[in-house]
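Just below sit the structures, each encoded as structure tokens.
Two complexes are shown next, each including chain A; its partner changes from chain B in the first to chain C in the second.
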Partner chain A sequence: MRVFSGQVPWLLQRLTALFLIAALLVIFIALLFGVLPDYASWRAFVTSSHGATIVFVSYLAVCTHAWIGVRDVLLDYVKPLPLRLLLLMAISVLLAATAIRLLLVLGAALFV
Partner chain B sequence: MHLRIYRYDPHSGSAPTMQDYTVEPEAGDRKLLDLLVRVKSVDDSLSFRRSCREGICGSDGMNINGRNGLACLTPIDGLAEPVTIRPLPGLPVVRDLIVDMTQFFTHYSAIKPYLIEKGPPPERERLQTPVDREKLDGLYECILCACCSTFCPSFWWNPDKFLGPAALLQAYRFIVDSRDGATAERLDYLDDVYRLFRCRSIMNCTEVCPKGLSPSHAIEQIRQALLSRSL
Partner chain C sequence: MHKHATSRPRFLNLLQMRYPVGAIVSIGHRLSGLLLIAALPALVIGLEWSLRSEADFRQMCEVLWSPWARGALVLMIWALAHHVAAGVRHLLMDAGVGSRLPRARASARLAIVFAVLCALAAAAGWRP
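Let's turn to the complex of A and B:
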């Protein structure tokens, strides 16, 4: 598998999609059967070390999935290379910033 | 019947227009191509390609009431009037319904549409088991009419870089051929952000192929071949 192939992003997009479908399903079932009945129990789950890891990994999957999706749209519609690079950078920075913020929030809840 | 046909001569300097024609089908007229031939007998300035008039040569691909198809395979019965006929979308117009297929055939030749030798040539012909031969069904029938590629949004956005469903179907036809010795090189060539992976499985290609083939299925098979190779 070459690193700069067309296949790697394609595969990543599908794998993250499967992961997110599974995650959504689990959340849905949890809601349906009242596994975590109230705000306090959700908060306790998210601020546990397992919960925080799951939330953060899921968000990384969202970011990866979103970045590849946006990249695909840009490859189709934005032809000038400098503009395309700028937009790709902008979306990368934006996603990275939200991920870092999530990390800080989870970290704060976990350790403070 | 009322036909509304796209007219354009790039050398004239004037913009494309839609011209109305009224023709009555005569006994024995079955397909849209019969009507176009009647129009041409009245107005010989109308230009379109056709040859075999039976869905074999692939030359009369056009956009008929918003859908790509072969005029010679499109029944007159059931066509909504006015029948709006335009050239295949996404390719430069040479004149009226004739498009410049250079880009299309550049992609076709890029996938090396011929068997590449595995080793020393055999004494006699290259044999293939019936099972291996069956794998070519649904692929070898392609007549390169370009109805699929020019109906593919991914091809419209990146016609110079995305190979398009027709070339990809042909690529798979050689990947799956037991007599071909260049499968790895073929897959290497296709493993590219543009060439293969611009396909978004929109499936317009399969929807529109006048020969009933499924380029999108062939594309899926290429992706699977790439996947099983890397695992």
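Let's turn to the complex of A and C:
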């Protein structure tokens, strides 16, 4: 099964989109009802095991969606293969670096 | 790929090409996606900052609503609104809803107007 081309990314792009739309709706409705967090409740949410999991899984969905989106754009506009692979690697490194940083931040907040 | 096309006239004047409204939404979808990716490092660093201490949390909120950051915030809200609206339109079309031309054009206009209204609301200082 091909993971980086074909139906799998196509489907993943739509599943992550649905997930993120749902997440944004929850955030927006919470804001509409005036649930603007103060520091204590914000920290309590993010550093709870549920909160940290929700934040990190959502961010992984963002990264997956972003990677596939960039791949689609590069496939259309960047024809030379080496340059295309280089840009794809660059975006992968950027996304992975931010995800690792987020993991470290959440870990530090959870356990310190 | 285009070997046979050498004798044919090329028309690639971007200023004179006509962009139907669907094309504008599509380009906007890509552009807003790239903008949102560019904001991801700032998002993670912002989260880190907000968790450090109560003073840092307050400072971050202040910076976020300062006139300096307002421009970037409005741009990002436009990008998010446009990306989501164009994305919902895309998903509905996958499901066969509104893929005929008149409806597709109407939903394209709706997506553009929705995103601009969201950006204007943010620029005016409205918070949900």
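To be clear about the criterion, the second predicted complex is superposed on the first by the 103 of 112 C-alpha atoms of A that agree within 3 Å, B and C clash if a C-alpha of one lies under 4 Å from a C-alpha of the other, contacts with A are read in each partner's own complex, and residues count from 1 in each chain.
Simple rule for what comes next: a contact is a pair of C-beta atoms (placed from the backbone, for glycine too) under 8 Å apart; a residue touches a chain by one contact, two chains touch by 3 or more.
What you see is a predicted model; the values in this text were computed from it and never measured.
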| item | value |
| --- | --- |
| Partner chain in contact with A:Leu87 - chain B first, chain C second, else both or neither | neither |
| First (chain B), second (chain C), both or neither touched by A:Val105 | second |
| Which superposed partner A:Val70 touches (first chain B, second chain C, both, neither) | second |
| Contacts of A:Ala23 with chain B and chain C, given as first, second, both or neither | neither |
| Contact breadth on chain A, by residue count: chain C or chain B | C |
| Touched partner set for A:Ile54, first chain B, second chain C, both or neither | neither |
| Contacts of A:Gly6 with chain B and chain C, given as first, second, both or neither | first |
| Residues of chain A that lie at the interface with chain B and also at the interface with chain C | none |
| Residue numbers on chain B that touch chain A, as the complex places them | 154, 157-158, 191-198, 200, 223, 226-227, 230 |
| Residue numbers on chain A that touch chain B, as the complex places them | 1-2, 5-7, 9-11, 72, 75-77 |
| Of all residues in chain A, those that touch chain C in their complex | 14, 17-18, 21, 24, 28, 31-32, 39-40, 42-43, 46-47, 55, 59, 62, 66, 69-70, 73, 91, 94-95, 98, 101-102, 105, 109 |
| Chain A contact footprint on chain C (complex, rising order) | 30, 33-34, 36-37, 40-41, 43-45, 47-48, 50-51, 53-54, 57-58, 80, 84, 87-88, 91, 94, 127-128 |
